[in-house]
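In the two complexes that follow, subunit A is the common piece, with subunit B as its partner first and subunit C second.
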Partner chain A sequence: RHQNITGVVDGSQLLVMFRNQYDNDVTVWSPQGRLHQVEYAMEAVKQGSATVGVKSSSHAVLVALKRASSELAAHQKKIMPIDKHIAVSISGLTADARVLSRFMRTECLNEQFAHNQALSLNKLMERVGAKMQIATQRYDKRPYGVGLLLAGFDEDGPHIYQTCPSANYYDCQAMAIGARSQSARTYLERHLDEFRSSTREELIRHALRALRDTLPNDVELTNKNCSIAIVGKGEDLSIYDDDDVNPYLEGLDQEERRGGAGGARDAQPPAAPTAAAEEDDAASAPPPPPTDEQPQGDSMETD
Partner chain B sequence: MNTGKSHTMYPSTSGTSVVGLVYDGGVMLAADSLGSYGSLARFRDVKRLFKVTDKAALACSGDIADYQFIREVIEQKVRDDVCGGYTRELNAGALHCWLTRVLYNRRSRFDPLWLECVVAGYKDDEPFLGYVDKIGTAFEAKEVATGFGLHFAVPMIREAREKKQNLSCDEARKLLTECLKVLYYRDCRAHFKYQLADITPEGVTIHDDLNLKKETNWEVANYISGYE
Partner chain C sequence: MALEMMMSGPDYMRDPRKHQFSPYANNGGTSVAIAGDDFVMIASDTRLSRGFNIFSREQDKVFPLTPKTMMASSGCWADVLTLNKVLQARLTMYSHEHHDMMSTTAVAQLLSTMLYWRRFFPYYVSNILAGIDEEGKGVVYHYDPVGHMEKLTFSATGESVSQIQPLLDNQIGGLNMLGVKPPTMTKDLARQLIHDAFVSAAERDINTGDGIIIHTITKDGKTEETVKLRRD
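This part shows the complex of A and B:
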């Protein structure tokens, strides 16, 4: 039996994947009891840019790092509204994410139409999980190559859910997925006890700090590459992009980065990283390169 | 969508009025236990009122078979929620909305469920009382009734409310029993055995096998010519 070993470089990690005869079909088990196609699909999630979700006793927040495929293109939207009380942040195949988002939206609309009430998060997750599971057990389908972070607020309070291509879904206090998200998860684990009692603004700052930890040293959070979604008690979903993000970035201390060598920056919101000419405080640091970490020539648009 | 099939457009075994009202501290619902076969008082222990969840109760007048069918469907709906581990049980407002959609859809297909339903219970900590009928008419009100109840019971309740806006539990029960008594006097298809449901924030209590025969006074019958 032939075995090929292929290495895939992603950031600072070296992934070694064994290609063997059990991985061409999602309906074929490996002798170790694994479905390799599902595991490969989960790799797609790790290729997408990072996104963080965190909840307090009253609010649920999502923040996401938007990626631009080139300097000419706009930053890809990462957070999609599902209903007045639910938003989802995606990591992986954007096209797959849109299919799932459309499904979630129709489920929410049907609940509103037939029952005149907002769909409970646990009900929604079960339906999404059931839908994603079908794709892991049919020979004519492939698993959804996207991981979702859902933030929602229902009669049981705020929720953060994570979904995987394996169709598992997890109820979380806080979570981060996507490229270099381990750093974010480390931040979240360290500050886990603070989230429950955080105020609305503190919660967003925690999420942004966690997200910031996934960035390479020479990249900063800007209003172009950052998206924020928040929903909570007495507050319908709001999604902040571009200038709306500024007040929340301002509250963030840009200098205090884990292992970061941040240049001298004042409290003004930084402009887009490529607009180097306008920066007057770029005394020591050269203008940072674009935030695009996508390997060149990659045909699979993962965001 | 005309397949040439036609469906029955008349009830066979039917139930008569249902009466409901909102009082200070809950909602009350009453219906008698008669299944009429046209003018024949055929089945005298038909339960037309049932508890859906701790937040909702449903009573129907009209075709009994259609009521039993929709009851099975709703009970399965509740079972699905329980099996799915959902924390929010079906409340009266959601049930009312869902029932409206189902009944309207059936009527639009010319295959109606021949029912007039009253949904009683709680929605988001507020007492809820709603009406849905076979053509999909739906509304919420503080007092609601079907069939003859609309003509006899609702004016009685409204008159009582004019004197006192918020009725207590005992006052509500007395009023409701009085309504059913009047309906028994005046509605040919009514009977003296009945059920009463009381929905409070604590839950739903159904009183079965109640009997108002002892409270009726038929002395006046002697003055009606042709009685003897």
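This part shows the complex of A and C:
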């Protein structure tokens, strides 16, 4: 039986939802025309750690922040290969993500077996959307509590897709989901015009910078907490973890954060913004503890 | 054998009084594989035929499976293609689950199991698997159509197996001779043996000819070489 939720606070926007008599079943509409269970499922996505996807005219990139549930545990893998031309990054209930990944993999395998071709992204998304929608319209199921970012390359070029527990899916130029992802989306919006003509390395760098903006000031991207996936023209999917990530992280921590309108490798940022940034940091010291600690007691493992 | 020929052989050998559907066709093909200490060579002829008709003179019958493993298949071409497709799908599924590609020994066992699964409606395919094992040594596996598997250092299969296998037994295995030690296998020796074996088989066996493609696998990668054979 679900808990008595009197209010749920989401970091970046103060959103307070109250328990009401229309939120027990996904098959029940509220008088405002909402399905509360689906909306609650979307909250699970916001609990997962951040992940960013971005595409150029030739490549699609995913970067993800891996979370370790304790000092003893390994960082949970966030990016899963689906086929030679598709990868997916997850935010939310990892177990639900695995079910969807297995589905996507078998769809890709079947396309290869039966039609001798790679499954195009738009066809895959239709099928995933249809599968997820079923769980929003049956009394004996619950919505999938995971958001996905897909990166793929097919006959129509590179693609980034986002899915929600609502079963909606969106074709994106760039996107970020997960905890504190609004900062990443702000970076992406600011640099949107630069992505199309970015080189492979520049594109990965943009994604990493966007991801870094979701971190508290005292935390950096390391080869332990960061994953990169890239696929593109003439290039099958590669996923980088641990040491393979090093070349892409090089010099990133020297770059200025949340500033630099050019966003490029500003070696000498202009004096005024630096001063303002320093002031800002001083004012917000000490930085709040990282909010990606798991709450105590029973809770679903969201990564 | 005679009955089979009566039902599904060339029309001058078929009994005109009966109609019988055979799900199998014999599209010919011969394969050879030879393993060395740090390499393996696998070759197939390139003729695809049915009876006295030639479908293709340039059909490569060796399929890559992983960077370290290849498979040569002959027999019923429809079954060859399907077996290969299913195997490719299984390889992908394994790598998704294990986060690693299949080793040669794992592929060998999988193929055996897959073939036996169809024990009562077999894949009409003669297989040879060749690859580099976990220790870096070349290895050859020979199969029958229902999955009997033997790990060997050299093997032939297909239409001309009766002509080629005894030659390999003698030249590589040192068999049926007195006082002769088998030679150490090198790439040059393997290539020469494969070449000569196929040329000899093409002379005597009507089903073998047109050409051969010789694939070599080492830990550094794969190479291939095409050799012409008589086209009659």
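One rule holds in what follows: the second predicted complex is superposed on the first by the 247 of 303 C-alpha atoms of A that agree within 3 Å, B and C clash if a C-alpha of one lies under 4 Å from a C-alpha of the other, contacts with A are read in each partner's own complex, and residues count from 1 in each chain.
Note that contacts are C-beta pairs under 8 Å (C-beta built on N, C-alpha and C of every residue); 3 or more make two chains touch, one makes a residue touch a chain.
None of these values were measured; they are calculated from a predicted model.
When both complexes are overlaid on chain A, the residue A:139 reaches neither subunit B nor subunit C.
After overlaying the two complexes on the shared chain, residue contacts for A:156 are found with subunit B alone; subunit C is out of touch. In the superposition on chain A, A:122 makes contact with subunit B only, while subunit C stays out of contact range.
When both complexes are overlaid on chain A, the residue A:81 reaches subunit C alone and has no touch with subunit B.
Within the superposed three-chain model, A:113 lies in touch with subunit B and with subunit C [touch as defined at top]. If you count the residues of subunit A touched by subunit B and by subunit C, you find the higher number for B.
In the superposition on chain A, the residues of subunit A contacted by subunit B and by subunit C overlap at 113. Of all the residues in subunit C, the ones that touch subunit A in their complex are 85-86, 88-89, 92-93, 96. Interface residues of subunit A, counted against subunit B in their complex, comprise 113-117, 120, 122-123, 126, 154-156. On the side of subunit B, the complex with subunit A involves touching residues 84-88, 91, 93-94, 96-98, 101.
Touching subunit C in their complex are the following residues of subunit A: 81, 83, 105, 109, 112-113.
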